[in-house]
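You will see chain A twice below: alongside chain B first, and alongside chain C after that.
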Partner chain A sequence: MIYEVFRQERKGQPFQHAGSLTAPNERFAEIYAREQYGRRQESVALWLVPREAVSEIDDFPDEFDLKYRRVDGYSIKTRLREARERAGTLASDESA
Partner chain B sequence: MSKRTDLLLSIADDELILGWRNSEWTGIAPFLEEDVAFSSIAQNEIGHARALYELAAAELGTTADELAFDRKPEEYRCAPLVQLRRLEWARTIARHWLYETADEIRLAAIKASDDPEIAGVAAKIDREEAYHRMHAEMWIDRLLASGEGRARLNEAMDELWPYALGVLDDELRPELRRRAEERLGRALPDAEPVPRDVHEAELGELWEEMTMVRRSAPAGSQW
Partner chain C sequence: MDTRTQEFLEYVQSGGQVETGDWMPDEYRSKLVKFIEMHGNSELMGVLPERDWILRAPTLQRKLALTAKIQDEVGHAQLIYRVVEDLGKPRTACLDDLVSGKAKFHNVFHYPTRTWGDVGVIAWLVDAAAIVSQKALLKCSYAPYARIMKKICWEESFHILHGRDVILAMVTGTQEQFELVQEALDRWWEPLMHFHGNPIPADEDPMFVWRIKSQGNEEARQQFLDGYVPQIRELGLEIPDPALRKDEETARWLFTEPDWEKLRAVVTGNGPASAERLAFRRLSREDVAWVERVVLAEAA
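What follows is the complex of A and B.
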């Protein structure tokens, strides 16, 4: 079985994908995850997820090019600068 | 040599030589994850050896490295169980379980020692050994779960049993037998323990390899 391993570097931080490992069952996976992702004190917690339990979504149709719905379709930089100018809070290094 | 030093060196030598033997699986363990785990256990054992040698060294006015590498093979006090070489996997797991179980019994006795330094280092070692025991137990379950695994494990246990008894002093042996028989669900043979003063030829070979670099470099070399 393949297990996906997620590790948390410090308390309160999000878990991030660390890698995967092969193990015959969860007990083996726990020991192997400890050895591979925990023995150098690099993690405060680990999540082990059987790969089969992960649902993957990888199709995101965008037939009508609605780019204003995308994060990169809306430039906030210029608007933010204008708003700061109006409010008089523009930092000197931003005015360039 | 005091009884205290003798005890420290016996355990340190067990851990060093077993650590060395387990490290012989690095790169060739049954699969990658096990390779990493078993190599890590081997490193831990050698770390335990260092802590114990340091206590002995303070008493003998020497250093941990000198104790680990500058004695003659016949001066090592390790049990013959840890000297055996190139065991196939089922026997490696049998030895691993037998040693870890014997070690747990021995550490429990030493943790109760009046000597605060010895009790302290034993407690520290035991906290790390807990993970080695988890590893050994999961493998025993795995082997016991199939006909072939069970047959190979049982054969290995019978073969290694007199060696396992030799790890412990007389008074602790019945506890090892009780735990092993309960774990395997069967009786183990009556056997004469293989004592610590037996040096298998394999220990000489290991020593040659282990001390080769140290012997080749002039004393006081800096690395």
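What follows is the complex of A and C.
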């Protein structure tokens, strides 16, 4: 069976994919993970997940280009300038 | 080249990363398998020159360091074969091809070790030459391989320091010890100059074209010389190539052209220790076959 190995560098850090290993069962997977991914105390924790337990989603359609839900969907420059002009708070370098 | 392959080529050449499940041209996959498999084989075979010296190491600390280094090399082989398996070649097939002589491994592991001086030179300079290549592999277009290279590079850094420490102990020791290092360097210089491969221009090297390697062979060799010639010379050691010098104008190292035919002969199994090492691998594989059978039976 193939197990994916995720490692945590330090407490508080996310678990990151480090690689995989093959083992006949969970008991061996733990032994091999310690040996292959934990020889040097380089991680504070490892997650072992059978590959078949991982399901991946890799398509995120955005057919309608829903920009209004993102920062790049807004351009406030013009209106902000207008508002400052009206309030008389335009900075000296902006009034040109 | 069909459109899809052409697009893939442009993708990797502009820094695109490829994952295991992605579509890839057959040529890319087969080149990848060949390259990564050779690396796995080299880690496994690299154990043998050093393993010889565990019982003969001069101090307990050196014994422990050598054992830890070897443990790392085998661990690297395991990580690397795992990557090859995901590309479609089972590790038993890799090991079959290795012991039959069909698959290759790096030239440096086809040479014998004669003295403790060799052990220091290998751990310091051979590992240094390897790390130049391995750092470049961090940018490999095939992401699963690039990811394990991070761990491998991190562990190799202890190997080089250990090697350099062994050398320093000897060059600051007796005259006999100093001469042991010089003599080892004299024998290992040619394999070191061969290590990065013949100076095929990068854009004619399929491994570079597909961005499996991110630099050409000569680039890697120049980097190695830049980093390590000064370190070698500052110890009072002589490099056995009178033509070796850095051209100030071009900032390139010039040297006696290595014999590339000899390199080809060595990596196709005609090195001084090739037969012996492969025989040992074959034998130990037969010897431990029972472990695999028991483990797999127990787990079933």
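Just so it is clear, the second predicted complex is superposed on the first by the 66 of 96 C-alpha atoms of A that agree within 3 Å, B and C clash if a C-alpha of one lies under 4 Å from a C-alpha of the other, contacts with A are read in each partner's own complex, and residues count from 1 in each chain.
Everything that follows uses one rule, which is that contacts are C-beta pairs under 8 Å (C-beta built on N, C-alpha and C of every residue); 3 or more make two chains touch, one makes a residue touch a chain.
This is a predicted model, so every value here is computed, not measured.
Asks: Comparing chain B against chain C, which has contacts with more of the residues in chain A?
Replies: C
Asks: Thinking of the overlay built on chain A, is A:22 touched by chain B (first), by chain C (second), by both, or by neither?
Replies: The answer is both, since A:22 touches chain B and chain C.
Asks: Can A:8 be said to touch chain B (first), chain C (second), both, or neither?
Replies: In the superposition, A:8 contacts neither chain B nor chain C.
Asks: Quick check on the superposed pair: does A:34 touch chain B, chain C, both, or neither? Answer first, second, both or neither.
Replies: first
Asks: What part of chain A is shared between its chain B contacts and its chain C contacts?
Replies: Looking at chain A, the two contact sets intersect at 21-24, 28, 32, 35-36, 39.
Asks: Enumerate the contact residues on chain A facing chain B in the complex.
Replies: Residues 21-24, 27-28, 31-32, 34-36, 39 of chain A touch chain B in their complex.
Asks: Show me the residue ranges of chain A that touch chain C in the complex, using the header's touch definition.
Replies: Within the complex, chain A touches chain C at residues 17-25, 28, 32, 35-37, 39-40, 42, 56.
Asks: Mind pulling up the chain C residues that touch chain A in the complex?
Replies: Interface residues on chain C, with respect to chain A: 21, 71-72, 75, 78-79, 82-83, 85-86, 144, 147-148, 151, 154-155, 295-296, 298-300.
Asks: So in the complex, which bits of chain B are touching chain A?
Replies: Residue positions touching the partner: 31-34, 36-37, 40, 131, 134-135, 138, 141-142.
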